[in-house]
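Two complexes follow with subunit A in common, the first pairing it with subunit B and the second with subunit C.
Let's look at the complex of A and B:
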């Protein structure tokens, strides 16, 4: 079945009756996944939004518990709000990022309730890429820009229409909802690949032996220690927990944190095991390219290129990967 | 431009070989033609990594704050903006003039890597030539007067309070609090930023309008008369927030109250808010 591009707005309207539908839009100059109906411009033709759809599952600030203290009792109430959400038009790199977050928040013996409620209520509708940006390198990271395997539904761009492939029950429910709009028809898209190629073979294992390598002594100096790379990254999932207290009651919340901040690893008493930008940058690259692979068997870098474009001082993970390749083993 | 690049490499080699400086902070090329980044060259054999082209956007003086007690002088490439940042840091007693060797480079402005149009911060620049240096590469360029320095501020001032509130609410609803503006700013040189004093709780870590606005307005007040108008905060902001409007509002008021004022042009003129004179206006007292 296929969905004509002229009927996309109707398809989104139908979905929006049942759920909050997040679509790539340019809102006030910023490209991001915004609720359908927001004032802005639908932007299905751009390769990557500046802000990834990460906060649909992992909001920058998420209220967790309400608490109230009276005379001798304390009441704690978990905040369980979770509306139905659909992410429409996400790319394979962003779907890979959701796979990474699923691994973190749902596996290895601990299920994060706040995440899992949102995840259960989320339907993912991916669209294949028909072009790549010069900074895209997802296919070097094990991501296929033509197909987001784990999405509930894959739309395949065949020019004037999308071929609809429902892959899960949630995907089939969307297909059923869209039935009045769909037409018979098949088609394929010409597969694309990224121009920027990186050789990742053996790199995670090599990096694991390079914690003390000289490679970290050069390049970190330019870092300004801001959180741009981590906050626009679709896979970065670090958070801090804090409370907003008003007298006898308050709300506990969690919010994004960044390993690039000096205060991130500061311990009680003031000791900081990552005292300079060198150790912080090493941690970011090691986490993306080695530690995560060791624990979850995939790269925590989706190859979307957002940090490569937006780092204010052009710290470039792709150039770092090439540099790692060049140094001798045990270097 | 390539002549200056050649001269820069030659000067850098001489400075490193003679031991006059320990290393040189300049710009190096990124993967793509429209990218450069700050580089730190120690080895005279690597001076050819230094570039001077249309995309040398980063300001460099702030990096001296990562090396406050250098063994040898730090060589820094300085345009107008970088040199004013050097003065700013010297005046704040965060840098000693004798700890830096300033390689002055007159600058005709850089390009926005996204649009290839002249970068906004360079279009608004009133001091293209370094205001302090030890050696000058090339010849001074003509300065461009900025009669519209406060035009954007006047547009804001013409709004009603409600319109203005809504304007800034929209701006700070977009802020992701990455702190790139603070970290790049040569006037933000506190040893520990108030935002990081989390146990005191000046600044909540949650991202919402109130906390984001508190950050924006506190930073603007803290920077106050020390803003050298390099425009780096606005350039590095990933969300494209018009942060210079806030800084220039401060500067406009300072100019109105205390007379013509620009920060960092020398190290002798005291910052307008950093000292008092008996004939200062005091209508707000």
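Let's look at the complex of A and C:
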């Protein structure tokens, strides 16, 4: 079945009656996933949005529980709100990022209930890429820009319409809802690949042996510790937990944190195991390209290129990967 | 050679604390207090294994991860040093204060793998707090372990933690020796004076059939590890615990990683052999 591009607005209207539908939009000049029906211009043709859709599952600030305290007593009440959400039009790189967050928040002993409630209520509708940006390198990271394998539904852009492929129960429910809009039709898109190619073969294992390498001595100096790379990264998931007091009541919340900030690892008493930008940048690149692979068997880099484009001092993970390749194997 | 045991599970939301109550506060040293905690119903909040951690909160002020130094039928004990914002506030509270508690977190001391072995427990300063959970377990299951040696040191006699255990309870246990040292004595101190690593070498323990549990300030761990190596202890005979800044306690929030391991989940207990395979970033 296919959905004519002229009926996308209607399709989104139908979904929006049942859920908050996050779509790529340009809002005040910033491209991001915003709720359909709010101010902004639908932007299904841009390759990837400046801000990824990760906050659908992992909000920048998320309330965890309310509390009341007095000099002696304390009360705690968990916040369990979670609405139905659809992310429409996400790219394979952003779907890969959701796969990474699923691995973090849903496996290895503990399920994160705040995440899992949102995840159960989320439907993902991916669209294949028909072009890539010069800074895109997702296929080097094991991501297929033509197909987001784990999405609930894949839309395949065939020019004037999208071929609809529902892959899960959630995806089939969307297809059923759209039935009045769909037409018979098949089609394929011409597969694309990224121009920027990186050789990742053996890189995670090589990097694991390079913790003490002098490769880290160069490049971190430019970093201004702004945290932009981590905030716009679709796979960065680190968070802080804090309290917001209003008199005797308050809310415990978590919010995005950044491994590029010194406070991130600074302990009570002052000891900091990653005291300078050198250790922090090393940890960020190692986490993306080696540690995460070791723990979850995936790259914690989706190859979306957002950090490459937006780092104010041009620290570039792709140039770093090329540099690592040049280091002699036992170096 | 000893294997570290790792398991974890949680039925409730692991990030939401249960409200508990501080029922008793003991001054251990000028800057360490032990807080005895029960649920509001007067029961034990949860049943940790030796070495496991609890996330302890003054709700609205902050949360911190602490080792659980002791437990009984209906309580958990946390020995906490005054060192920062949360612990400063904690040292001001009175018994009866309701607090938040979640856990238990982390892996455990290898109580099973050490069965039948001689045990050498080495602690420095507040580092005795985690080691003590295993010492108490070993005494509760005395027949499972061979000879027990406990080496403990602090800066001054006033800084010695758990004095009743050190000078009364533990020396009275069968086949047990307690060796106490201070960096600097005072006019009433008749015991040993000197740093823990040198003291350990002086005591000249045999590595035969012995497992070491070592915990203290990083510098003490480093030099003790060197001393033990000189004495013939292999890296997989020495068990230690690590500390990092923690927020979630369940291996999600990111900050306590050492390489691909999370101290809150894969630790805090590691053998020296395991640490040799990790980046030295702690």
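Brief remarks on what is shown
In the analysis below, the second predicted complex is superposed on the first by the 327 of 331 C-alpha atoms of A that agree within 3 Å, B and C clash if a C-alpha of one lies under 4 Å from a C-alpha of the other, contacts with A are read in each partner's own complex, and residues count from 1 in each chain.
Quick note on the criterion: contacts are C-beta pairs under 8 Å (C-beta built on N, C-alpha and C of every residue); 3 or more make two chains touch, one makes a residue touch a chain.
Keep in mind that this is a model prediction, so the values were computed, not measured.
Partners subunit B and subunit C fit side by side in the overlay (superposition on subunit A). By the document's definition of touching, of the two partners only subunit B reaches A:221; subunit C does not.
Panel annotation: after superposition on the shared chain A, the angle at the CA centre of subunit A between subunit B and subunit C (CA centres) reads 90 degrees, nearest 10. Once chain A of one complex is fitted onto chain A of the other, the partner contacts of A:255 are limited to subunit B, with no touch recorded for subunit C. Applying the stated contact rule after C-alpha superposition, one finds that A:180 touches neither subunit B nor subunit C.
Shared-chain residue A:78: touches subunit C; no touch with subunit B.
Shared-chain residue A:240: touches subunit B and subunit C both.
Contacts of A:313 after superposition: subunit B is touched, whereas subunit C is not reached. After superposing the two complexes on chain A, the closest approach between C-alpha atoms of subunit B and subunit C comes to 6 Å. Residues 240, 257 of subunit A contact both subunit B in one complex and subunit C in the other.
On the side of subunit C, the complex with subunit A involves touching residues 7-10, 13-19, 59-64, 83-87, 96-100, 218, 243-245, 247-248, 250-255, 257-260, 265, 279, 281-282.
Residues 30-32, 35-40, 58, 62-63, 66, 170, 174, 176-180, 182-184, 196, 198, 204-208, 235-236, 238-240 of subunit B are the ones touching subunit A in the complex. Those residues of subunit A lying in contact with subunit C across their complex are 64-65, 67, 69, 72-76, 78, 104-105, 108-110, 112-114, 208, 211, 237-241, 243, 245, 250, 252, 254, 257, 259, 264-269, 271, 273-274, 279, 283, 286-287, 290-292, 294-295. Across the interface of their complex, subunit B is touched by residues 28-30, 50-51, 60-61, 134-135, 221-222, 224-228, 230-232, 240, 242, 244, 253, 255-258, 261-263, 276-277, 308, 310, 312-316, 318-319 of subunit A.
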